[in-house]
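When the chains are written out, they are named A, B, C and D in that same order, and each has its own residue count from 1.
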Amino acid sequence: MSNASALSPVRLKMQAGPGQPEPSPALEQLYRGFEQELLVPLWTEIGDLMPPHPRSKASPHLWRWDRLVDLASQAGRLVPVGRGGERRAIALANPSLGGKPYATPTLWAAIQYLMPGENAPEHRHSQHAFRFVVEGEGVWTVVGGDAVRMSRGDFLPQAGMNWHAHHNAATEPMAWIDGLDIPFSYYTESQFFEFGRHQLSPAEMTTPERSRSERVWGHPGLRPVSQTEALPATPLLAYRWVDTDRALTEQLALEDEGHAVTLSHGHAAVRFTNPTSGRDVLPTIRTEMHRLRAGGRTRTWREVGSSVFQVFEGQGTVRVGEQQWAVARGDMFVVPSWVPFCAEAGADAALDLFRFNDAPIFEALHTHRVQFDGDSGAV
Amino acid sequence: MSNASALSPVRLKMQAGPGQPEPSPALEQLYRGFEQELLVPLWTEIGDLMPPHPRSKASPHLWRWDRLVDLASQAGRLVPVGRGGERRAIALANPSLGGKPYATPTLWAAIQYLMPGENAPEHRHSQHAFRFVVEGEGVWTVVGGDAVRMSRGDFLPQAGMNWHAHHNAATEPMAWIDGLDIPFSYYTESQFFEFGRHQLSPAEMTTPERSRSERVWGHPGLRPVSQTEALPATPLLAYRWVDTDRALTEQLALEDEGHAVTLSHGHAAVRFTNPTSGRDVLPTIRTEMHRLRAGGRTRTWREVGSSVFQVFEGQGTVRVGEQQWAVARGDMFVVPSWVPFCAEAGADAALDLFRFNDAPIFEALHTHRVQFDGDSGAV
Amino acid sequence: MSNASALSPVRLKMQAGPGQPEPSPALEQLYRGFEQELLVPLWTEIGDLMPPHPRSKASPHLWRWDRLVDLASQAGRLVPVGRGGERRAIALANPSLGGKPYATPTLWAAIQYLMPGENAPEHRHSQHAFRFVVEGEGVWTVVGGDAVRMSRGDFLPQAGMNWHAHHNAATEPMAWIDGLDIPFSYYTESQFFEFGRHQLSPAEMTTPERSRSERVWGHPGLRPVSQTEALPATPLLAYRWVDTDRALTEQLALEDEGHAVTLSHGHAAVRFTNPTSGRDVLPTIRTEMHRLRAGGRTRTWREVGSSVFQVFEGQGTVRVGEQQWAVARGDMFVVPSWVPFCAEAGADAALDLFRFNDAPIFEALHTHRVQFDGDSGAV
Amino acid sequence: MSNASALSPVRLKMQAGPGQPEPSPALEQLYRGFEQELLVPLWTEIGDLMPPHPRSKASPHLWRWDRLVDLASQAGRLVPVGRGGERRAIALANPSLGGKPYATPTLWAAIQYLMPGENAPEHRHSQHAFRFVVEGEGVWTVVGGDAVRMSRGDFLPQAGMNWHAHHNAATEPMAWIDGLDIPFSYYTESQFFEFGRHQLSPAEMTTPERSRSERVWGHPGLRPVSQTEALPATPLLAYRWVDTDRALTEQLALEDEGHAVTLSHGHAAVRFTNPTSGRDVLPTIRTEMHRLRAGGRTRTWREVGSSVFQVFEGQGTVRVGEQQWAVARGDMFVVPSWVPFCAEAGADAALDLFRFNDAPIFEALHTHRVQFDGDSGAV
């Protein structure tokens, strides 16, 4: 028995405390039996396994944009882009998740970098993805043969199993961020991946101002009669900054005029949605842009599931649990599950925050919860 | 018995034919018994009640825009707008529906006319409504306190139970069309109506270029985070012609570039949708704009439920069952249930057709059917 | 013009009163113009068309079961069942609906009668139907080749477009009631009908205790893994009295034990549902069984849409608007839209009421409303 | 830098191979920079992170029922049940998941054991749970104050956040299995837990034959009119063996009579469903009972997500990937994501298999996939 037990990954120790059995030789032998048979009792694990509320394994953490860009640009010189490596993408690794490329337990966040004239080869995968551009331009992502321009402020979702490639048609390198549900798909073992062509056709390497998807789907409240079903993910491949900025500006203007459309006083927010359903753009990822007036702040809240933020513009202060940071353009940070969050814009200018999180997973499964602080400001 | 029977609305006659019982004195007495007890047998009625396919009581019919405008403008001089009459609206009465103000068995379609400086008083009702502007400008409809400009080509839905009034802020009269589900609500006995204020406040009598609803909801693929539920009807109160026109233009351009987004060759079409759900703007009324290239034509089809069309621009020919008409701007016509329809644009210019119908009712109840003609052109 | 107007079905008269224009020769001429062009103004119609709340065209009315059975049995002797007439069904004709075979504006309710050895030929139609058996037995309805026994208390839904026939395998005649959405389908012009075979095969003329549908679908909370989609209508073809009775009995017993599961005190009620969705058995018809304890009563309520009731067992008093009737087994009555209803069981025994109505139509279209009386008992 | 890097959990090594950059001192320095900044490149990880199809970390594994019962009964003597430990539950620990109490990456499966007269204290949690009884009786689980009998073959779901306790009212110990989504909730950090009372009231310690939930919800196709909304999880707390057995028996009998209701030839299967929606009993866990005729076998298939099976009755052979086992009553085994599975009943008797899996998660997120083998028997 001891031999078999030695090969088992299960290791049990007799413990003291409430709910634990009295240590004894018989108990010791029982635990060895458990190990041998690949069994683990609930009573030794319940405190960790079933806590009163989520206690995230992830930590709040901040990555500075200048460091991300600096390392990505070094990679631009040293690391080619091609088949096998697929993308020059460098992922945020939460300090508490064992060195894995996970910003949070469910979300991947990376900076991607493409040199002038480079092409990232075509592939497709079940993981849902998006790109967000904090600065720069010149890259087109080609999704299902549709070339989509990427420029500052643009949000570009790309649902699972769409073929896609990227090419930099400009004379400067370009960086942007990618968000995916890679950790969730990996953990739940639900992912598929296929390689596509090494090289797109010349007809796909064009650089149109507007993609076909925008020409079909980018009209407010209108859809083609040739496609009237609800789709699981958005068919619109680009949400342009001009629209996002205008929507936020209008919310704050309407607030000034006395109408309640902001999320809280001084805090405008829009969600990117699937025009075929009005729901989130992707089945597993929610994406939003938030704007705080100069001097304004969010309420403090915590929610089930984790978020990644990137500062799009402005300066301010954010607090995540016990952490507090002064932030500026491009800085990225994570808010783990059930950790309180608030943000405050600097006195001189508005603060724009791009956010993505995994809330659609919890809403689909009826386990989402949000808790706002009381009037006292405490959670 | 004969006396009681005489008071009964039921009148039965012995008939000959397949499935009919042999006439006899006993049968005659039975029928009198049915009459007295307010009963009607299936066997005398089934041919009419349960036909092989819909045989509409309504007829195809065309109303000329110049006649509508002429009569409406006479009404502008003779008929005041105010409490009690509520609106200077003049409804299409299908020639086969007994003189009732029903364009089709389920749909109301009317021309509404407002003189310079006039106000239509506030009310609200459970009937769903929309306005569509084939020409002119100068009127604002005020929905829930939100003043919404009405200009050529604009589509303005207004879900049931919203308070609304109209005012003409210009120096010219203005006409537009109203579509409602009044006949359906009347028939199904599901309608509610309330009078509001006789006069709006000065703050509501403004003439903004964009309504609040557009400023909140009129951004493609974006919604406020403060309102994330699906609503039964659209919160967007104006769908502007500039957007509709662009969407149709793009569909035809994409068709030229080899991409399949039109409804059929040369036939572009967009549906107005509720951005909170991607579904029809109103629970009972579908609304669409169709564009045929110069010389182009639709397929021929028939479907369960009835439609009303208005020519927005261009000239062409439409065929509805046995009827065929040359049509031009503003002309309105009805397509009854299960009657074949097709349209063809003139050789010189595109034909734009606004359409509304009752398909959402049938889709919600799983009884919608559409049948397209075969290659031969026959249905 | 006068000639054309004479042919028009539109007839307009100048009226006096609030909201009406001043009568004048010019107005008279305008109205003639409206008639000629098939137009009707809103201002002369609005009071009827858009009332403050539903004012049903239908009347409360009661049909006595003994009279229904008497006339049906006379028809059994005089009227053969066969192709063309299709069914020996005799419909309730609401006294205020012009002698049409409509119990309410949307619902058909009929007594059907089949003599020993008779067969009703196969057909199918888009109209949704059910049968309910207040007494008797011996008939099997054959739906899609599945023979379904009909016995006292059984509820037998049959979704649109299923082939069906009936045969009486016993030595006695049998009567039951049919409910369908024939008036609604007729009015909305959405119906299809097809004749089937004159005679079923011997293999279909069997008389099993349990139908195949019950053997597959009649297990609480279980469904076959081979069929896991939600269906628009129920695949379960029989809801047996033994189950319905037990569910009602349990509700009242639980009420006695202090648990809140009844609809109101002393008023138990179950709804027949589609096991693939938990929703109503048919997309257009809701069906329920209500039980009042001896001496118990319902609350008074009114709702959008109309209902037909049949007393299944017991005696009591019902009030529908201004009408009040003492009722007993088999009696049928209608409750028009928005007319208050309440029922009270006699002192000696419970009162069981079967009800069907058109509420699913209104719920699907978001226009259902129910209003309960206050503590005062007034609505 | 080296110091900071030394503290980082990120460890990167230069690799050779397709898609990898050429090793060099500069690359080495770049990787140290990544480590210091908590960054991980995609190109070193993609092969593991984004495989062509799911490659489960879990292994196929079998636990023998006699060993589970033996160890559980030893625990019955040595380990008290009470506050803190909460339950005498002993979980299957997949041999490839690091000794954690996870049967699969998402699912918890345990044997629970209660001695005569024992009580497991009340608590509630967001994790969804069920119990299934392979043999024995005498325990009542009390859910929200409703005492639910547990007997052989019964399936007892219990949605998240319901208060629950158990008590053994018999003179013998009783064992059963628990299934929960503990690993999924733990991984996604979405769980809540609350302690309840140490001791139930006498009124809750009763031993009724049928629970209140069964008396309200356990009637096929019926629901109380007092509760007509769709609920996320089932309100029915017990699915009795008599019903499950009958449903399976009927499927096989119907197959014999020539009707296609089984999952494949000789393979009957029922799914436990939520009567308010027709969907799975729990938002995250699917539960089914499968029956193979004597000598019959399933098709071979693989699907996204993992399953746990327990043999309820009979003997047979199962194959999971490369593993093959002869199985008998009570034996439990796991099928990891995308690993082919098939089962075959012994020649002498039917084989009944209870299964639970995580498919509702993937269906809700639109990422479920199933692949059946071809005619050749290979996947």
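Heads up, the rule we're going with is that contacts are C-beta pairs under 8 Å (C-beta built on N, C-alpha and C of every residue); 3 or more make two chains touch, one makes a residue touch a chain.
Predicted model only: the values in this text are computed from it and were never measured.
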| query | Apart from chain B, which chains are still tied to one another through touching, counting links that pass through other chains? | reply | one piece
| field | Proportion of interface numbers common to chain A and chain B (over half same, under half different) | value | same
| task | Just grab the chain with the largest centre-to-centre distance to chain A, centres being mean Cα coordinates. | result | C
| query | Where the CA atoms of chain A average out and where those of chain B average out, how many Å apart are those spots? | reply | 44
| message | Taking the mean of the C-alpha atoms as each chain's centre, how many Å separate chain B from chain D? | response | 52
| request: Averaging only over C-alpha atoms, locate the centres of chain B and chain C and give their separation in whole Å. | output: 29
| request: Could you list which residues of chain D touch at least two other chains? | output: none
| task | With chains as vertices and touches as edges, which is it: line, ring, star, complete or other? | result | ring
| remark: Per the touch criterion, the pairs are A-B, A-D, B-C, C-D
| remark: Interface with chain A, chain D side, in the complex: residues 8-11, 17-21, 24, 26-27, 30, 33-34, 37-43, 45-46, 49-58, 61, 63, 67-68, 71, 74-75, 77-80, 82-101, 105-106, 110, 125-127, 160, 182, 184-194, 232-233, 283-284, 304-306, 336-338, 358, 360-362, 364-367, 369
| query | Which chain B residues qualify as touching chain A in the complex? | reply | 212, 215-228, 230, 234, 236, 239, 243-244, 246-247, 250-251, 253-254, 259-263, 269-278, 281, 288, 290
